[in-house]
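What follows is chain A paired twice: with chain B in the first complex and chain C in the second.
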Partner chain A sequence: MTTQVAGAGSERSPHPGPSGQAPEQRNPRRGQGGEAEKIRRREVSTGFIVSRIAVLSIVAALLIYAIPPLLQTESWTALGVLGAVTAAVAYLYLTPRHVPAKYLVPGTIFLVAFAIVPIVLTFVTAFTNFGDGHRGTKEEAIRAIETSSVTQVPGSPEYYLTIAERDGSLVFLLVDPATKAVQAGTADGLSPVDGAEVSLTGKVLSASGFTIVPTAQAAERDAEIGAFSVPTAGGAIKATGLSRAFEGKADKKYDAACDCIVNPAGDRWYANETEGYFIDSAGAHLDQGWQVSVGFANFKKALTDPTVSGHFLNVLIWNFVFAISSVATTFALGMIVALALHHPRVRGTKVYRVLLILPYAMPSFAMLLIWRDMFNTDFGLISKLFGVHDWLGTPTTARLGLIVINLWMGFPYMFLVITGALQAVPKELTDAARIDGATPWAGFRRVTLPLVLVALTPLLISSFGFNFNNFNNIRLVTNGGPYAIDNATVGSTDLLISYTYRVAGFDSGVADFGFAAAISVFIFAIVATVSTVAFWRSRRQEEVYS
Partner chain B sequence: MRYLKEVAWRHAVAVLVTAFALFPIMYVVSAALNPLGTLGSTELLPTGASLDNFAVLFNGQQPFVHWFLNSVIIALFSAFAGLLISVAAAYAFSRMRFAGRRVGLLSILLIQMFPQFLAIVAIFIVFTEITELYPTFGFNQPWGLLVLYLGGALGVNTYLMKGFLDTVPKEIDESATMDGASHVQTFFRIILPLVGPVLAVTAMLSFIGTINEFLIANVFLRDTEAKTLAVGMYGMLTDKRDANFGPFAAATLLTAIPTVSLFLWLQKYIVSGLTAGAVKG
Partner chain C sequence: MRIRTAGVIVAAAGLMLGVAACGGTNEPAATPSKDKGNGKLVLWTDPTRAPVLKPFAEAFGKENGVTVEVKEISENQQQTFITASQQGSGPDIMVGAHDWIGNMVQNGAIDPVQLTADQKAAFHPNALKAVTFNGQVYGAPYAMENVALIRNTDLVPTAPATIEELVKVGKELKAAKKVQEILCVPFGAGGDVYHTYPLFSAAGGSLFGTTATGDPDPSKVTVNTPESIAALEKMKALGEKGEGAIKTSIGNENGIPTFVQKKCAFLISGPWSMNDVKKGGFNFDVTAVPGFEGGKPATPFLGVQAFYVAAKGKSKVLAQEFVANYVTNKDVALALYKADPRPAALTAAADQIKGEDPNAEKFIQAGANGIPMPAIPAMGAIWGPMANAEVAVVKGGDPKTAAEAAAKAILAEINK
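Right, the complex of A and B next:
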């Protein structure tokens, strides 16, 4: 958009556009003479104003939706970012300047928010012990330890309990059995309630400012009520069932003086800031820990910890084998069919093409599960055809099976792109090779293949990258298995990505987000290195960066 | 004899490979029509013709219709919106010269190498927060998944599309500018129609990719009704692997209807769409 047409000649646009949307890009400052200026301004107005109103209303709607939750949780940083971004976007689309940015910003916002921020966060998380047992801050861990250690001791006060709500949050209405005095217990502590109506059994019937939760509804919120506790001087008040509560003593207490947790028996658990746990003299730790930075420990664990690193290396090797053989087999089969059909006298190529792309067009997740069941030992098609064998339960056949499945899924794509590339190879070149006495194989090997490879290298690289992280195939067909008897975390067909997924604990088990993130960083590094090297090499052959 | 040497072997190869391509699909059809509906009773060739397996999908045992709609809605929206934002970016990269253009292109190329799901741990953490603040865009909601998929759109498609926009002669939009068209008009009325077929193919590939996406969706969607086809149908086989095989095959065929018909419809353009970014010219 470097040529900006200005001057009287361009006032009447030959193509004003059927919707009446006038060009918004005319810069009024460039106008010459007051009369022309006026005409242009009027011509600009409709589309200009409509689009600006649209921008402003979208921005306003966004702010109205996004601000209240941030205010409520007092997330000032997020609020600042939100304000800055919306202001920048509003400015960008209100001004006629910065044209390239108008086209780049929508995608960039999504890219930053949902691709770059997660990548950066992954790197950060890789240096922490974030995971089960280390989810929050130290204060949260202390509170969790103290409240979970509350136990009923003989002689501790008991109350009649009524479940109520105030401003949408849970409140315990507590009636002292002796004095019938009513108190409200919240997460902040106890406060007296005046003028409450109490039944003979000790149930609060009504209290101003509180909504009584009916028993049936309270029963549904059982888990929430069980976890709720009202802090008191010597411990906390907790519910037993829905109508009784007791004031228990916190068995364990945090002592800031020694930065440790103590219990009445005199045991002490000292805070360990490198492990994020309270640890006693024998080295045992309490369940609840907090998130701390662990430096390179997660990376070191992947490389040196014998329970992990041996598997890690095996997974890495198989990962490369899988990715390379997937690319090689699909390319080879695709090439064979493409060559076979690439001849003027072969008829029915259209029919072949339709049938051959079907594996590519079928929903792959479902076909993977179908393949899994075709490999089923007792009932599967493969067992029926080739004899019963525990196909996916034996490491070798499981790996071969995965490569065959991937061949089936991937070769139609290769077939399509190779057909395209073959058609682009000049016929003079192959003819010349033949006339010079080259055998068909030599002609293919020295003329056609190099030309096709030059054209397709970028696609082969991305195919490698895709298969290197082909989570779906592994997860849906073998789920990493078969597993050795003594090891349930790494199977013989696990790729790094499926291993990461399991370590992160999304399926079940103990989540170790920090370690999972560290493996992700390894995968980032490997894929980036391989792709960069490959791109560099192919760049010498053809300028793909332009 | 010459025919045999030149053409017949080509047909033999093609038939053989076609057989390899088709036999699993044959098996799915056979399983879907199999009146018993179990894995053990399914043969390669249909043993009967019954629609019982299809009926099972709609009798309410599992919300198949919900899954189907969820999948189609998410895939349609993300294909369309993703296409729009990436073709807009490609237009800027192809037609305009501005500071940071080269850096921008290279960083897109770099980010493209990191598949979004590698950051699944971080995505999980981010969306735990978002679910607290904005439930509509959180877990168990199609919209959350949708905006997440849009985050990957720019990295995946922009480069491919820029390559194709580069093949459209620049004189065309220069003459449009001379005629008084603004950059918006040039983009929507001149450039987009010219590259329409490639856009359609890219949108189709992204549609199919989204339908098949399992990893992120499986972390995101836990409620039965909120699931997509990939997550939901996976659950069908986890529950009752043998007995549900017939209905599962039937569901596979129903899922294949939109994807395969898109493929056949856009067949002509697929090769150029796939290679647009890679092959010059």
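Right, the complex of A and C next:
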């Protein structure tokens, strides 16, 4: 395709188009004069219309789907970006120009949305204390502190509530369950109501001067009723649902003058903007905090905190051992099997191939759990075959076990891609090697392997990256264990990623996203460095062999 | 000209397709505006309870002229709820375990629920205690659970009075080849603080000191006190290098099945195991986990399931009405029990269930000495390190070293 388009020379848009227009493309004799006609014919072909309808309808669907929630949360920037991108995409696919962009834009949008944005967000989060207890703003924390400190005024009645209106404004009709006395609560306070008709359950059925609001209508005025409060000497009467009310008092209040939370006993919790907490003089903080920027504190902690950095090197070494041996063993076994089945005298290769693909086709989560149970000391298959041993409870065998499991899970993939690569090795080269007197091993070592490696190095690098962060295997099989008796923080099979998961508190249900993001940045740097070096080396290799 | 026509057709078709794709799910009329209630109540729960709650939610909706939507959250409910609440896309009501309360409160995700004195009196005192955090009631409890000793009465007719007796009976049965294991307590390669807590506490161990009000105190971690180390010593004696009653090879995945297959005569588990145990085809009984000879009674952890009012919900008054005044009724508790047989928190409902299912009452009895699982966020820091320490001693490690390592890791996590 490439050579043919290049041969056309005069074409302005040498792109590989949808199959519907391939005949025109392949005809290099069409010159400048046929260009306009060609474009027109391309524009109205069926494939073109269908693909364009598909793209534009997806874009329109996404736009319409995303607008209401964005409006609701008043995210104007996001709305602006969304509108601009949609307009740009609509323009791009409605105009006959910018043909290369038509092919690049979808990929670019996905790259930005699913790779670059998450990376940027991870970096940004690494500089905050975002996590449980620090999710919202300071205002939200203050509101939560005040709301959760509201208690019932001691000795106050537990009123029955009826929502009513007088002259168009909201009134709480309150019935004292003990005395059955009816009072009207407004924003000004309480006043007695005479001659009201009260049901047995405490609902006010009618009262002169008041219009009872039916429940369904009251339910629609939820926010208004929730915000309504009747001031009293002891505090304020608030609704508890639509049928009851109580006299409550907030024990803690925010005081803007001292930027602190105060309570009637005179205790004070001062806002601390570096920790995102209200802290008292003894150093104790209130539960609810807010999100603040912490600068490089998370990175500093990862590097200097002994509970974190003390084990970093050991974990890193095992992490490399695990990733490299996973790639090496799966590649070796995949290569052996692929070579065996590649041999022309082997019968029934299709059956073998199907069988070999099975481990790859099964759900890995279930397989991992089955493997874990096979390694069970007393009940597992491995103990039955090789004698009772605490397989996953001894560091060496636990590590070996993980590599074996990963080998079983990973070699079918390697087998598949190597089989493909072997088909592409020209037979003349292997024949020539044989005629020149090379042994089968030398032929493999010096001809087949280098050619296969040229094709597979990028896959090996990505396999390394994947296994470097192979969270599922560790999490489901050993969960990082076994642990040394004097070290309850890091287990002997922990990878950086499973270690991060635990250190950042996800295991305990109290998450510290900021710190997790900082460690993710380190992992990102390690994997990126290794991948870059490997790609650089493989490019040199390609230059040698191709 | 033809180009333009095609373009217009394509654009129009695209937009129509787009509208069609969304119309079904996103009617503008159903979109609530930001600061007004919309006569709609959204409740989140797990898949087991969603179908049970639906009829009650609908009845509530009819009574109050509102629509109620019950949504299933299949996993990770607590984090999903907190994250969604923060973004403003959370529910009005959440259903979940009481030990979430500490974390939900520190994230400002739930509001206190004001119950009347009568409503409070209707609950089992332990259930009410569990949903009380910092002196405030944060949810309406509906079910309670705790572990107990489940015994195969065909093999062991009388309940052992002490753990020593349990081990003795278990060993005799094992020697007679009637069972393979002395005791099935889910422990696993990673340890299990929850299932072994009755043993740990009976041996005198504890996790936290208590505050003046009797709540667990996160500033006093007690896993490495002499009492706790002595308790770990007793667990070591029960472990793999000792009696072999606690083993890393029996975990959550095989503990109940091993008991059901009659490979062990005793199981420590909760009401959730009942459906499986009944399939075993043998007689069984549920009693409290015994204490050690001359020691304290075992105190299992009590877990309570409750309804919470979301602080950032859109219909908070309705949610309060639902949680405080509606689900505190007996019929709801009974129906929830039928879906998931955990003893009801409402005394009236528990009394009625007692007649139909004696096991439910036996679990409540077995939990009489229990303590509510600490709901403070610091409890999260306990699970991992404490489990590691228990695994180390069960494998024969030194209790003091293990306890000190656990305490160090717990304090590092709490003070981070």
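What we mean here is this: the second predicted complex is superposed on the first by the 297 of 546 C-alpha atoms of A that agree within 3 Å, B and C clash if a C-alpha of one lies under 4 Å from a C-alpha of the other, contacts with A are read in each partner's own complex, and residues count from 1 in each chain.
Quick note on the criterion: contacts are C-beta pairs under 8 Å (C-beta built on N, C-alpha and C of every residue); 3 or more make two chains touch, one makes a residue touch a chain.
Note that the structure is a prediction, hence the values are computed from the model and not measured.
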Touching A:502, do we find chain B (first), chain C (second), both, or neither?
second
Considering only the touch criterion stated at the top, classify A:358 as touching first (chain B), second (chain C), both, or neither.
first
Which superposed partner A:270 touches (first chain B, second chain C, both, neither)
neither
Could you say whether A:386 touches chain B, chain C, both of them, or neither, answering first, second, both or neither?
neither
If you stack the two complexes on chain A, which partner ends up touching A:133: first (chain B), second (chain C), both, or neither?
second
Looking at the overlay, does A:376 come into contact with chain B only (first), chain C only (second), both, or neither?
both
What is the contact status of A:64 with respect to chain B (first) and chain C (second): first, second, both, or neither?
second
By the touch definition at the top of the document, which applies to A:73: first (chain B), second (chain C), both, or neither?
both
Show me the chain A residues, by the header's touch rule, that chain B contacts in one structure and chain C contacts in the other.
65, 69, 73, 369, 373, 376, 378-380
Any idea which chain B residues touch chain A in the complex?
3, 6-7, 9-11, 13-14, 17-18, 20-22, 24-25, 27-28, 31, 38-40, 42-44, 84-86, 88-89, 91-92, 95-98, 101, 104-106, 109-111, 113-126, 132-134, 147-148, 150-155, 158, 163, 166, 174, 177-185, 187, 189, 208, 211-212, 214-215, 218-219, 229-230, 233-234, 237, 241-242, 245, 248-249, 251-252, 255-256, 259-260, 262-264, 267, 270-272, 274-275, 277-281
List of chain A residues in touch with chain B within their complex
1-3, 5, 10, 13-15, 17, 21, 23-26, 65-66, 69-70, 73, 75, 99-101, 103-104, 106-108, 110-111, 113-122, 125, 130, 333, 336-337, 340-341, 343, 345-346, 352-367, 369-371, 373-374, 376, 378-381, 384-385, 408, 411-413, 416-417, 419-421, 424, 455-459, 465-466, 469, 471-472, 475-476, 497, 500-501, 504, 506, 513, 516-517, 520, 523-524, 527-528, 531, 535, 542, 544-546
Complex contact set, residues of chain C against chain A
2-3, 6-7, 9-11, 13-19, 21-22, 26, 28, 31-39, 63-66, 78-79, 82, 86-89, 100, 102-103, 105-108, 111-114, 116-117, 134-136, 189-190, 247-250, 253-254, 311, 314-318, 320-325, 377, 380-385, 388-389, 391-392, 395, 397-398, 401-402, 404-406, 408-410, 412-413, 416
Contact footprint of chain C on chain A as seen in their complex
40, 43-44, 49, 52-53, 55-65, 68-69, 72-74, 90, 93-94, 96, 132-133, 135-136, 140-141, 143-144, 147-152, 158, 214-217, 219-226, 239-244, 246, 248, 287-289, 301, 305, 307, 369, 373, 376-380, 390, 392-393, 478-479, 481-483, 485-489, 491, 502, 505, 507-512, 515
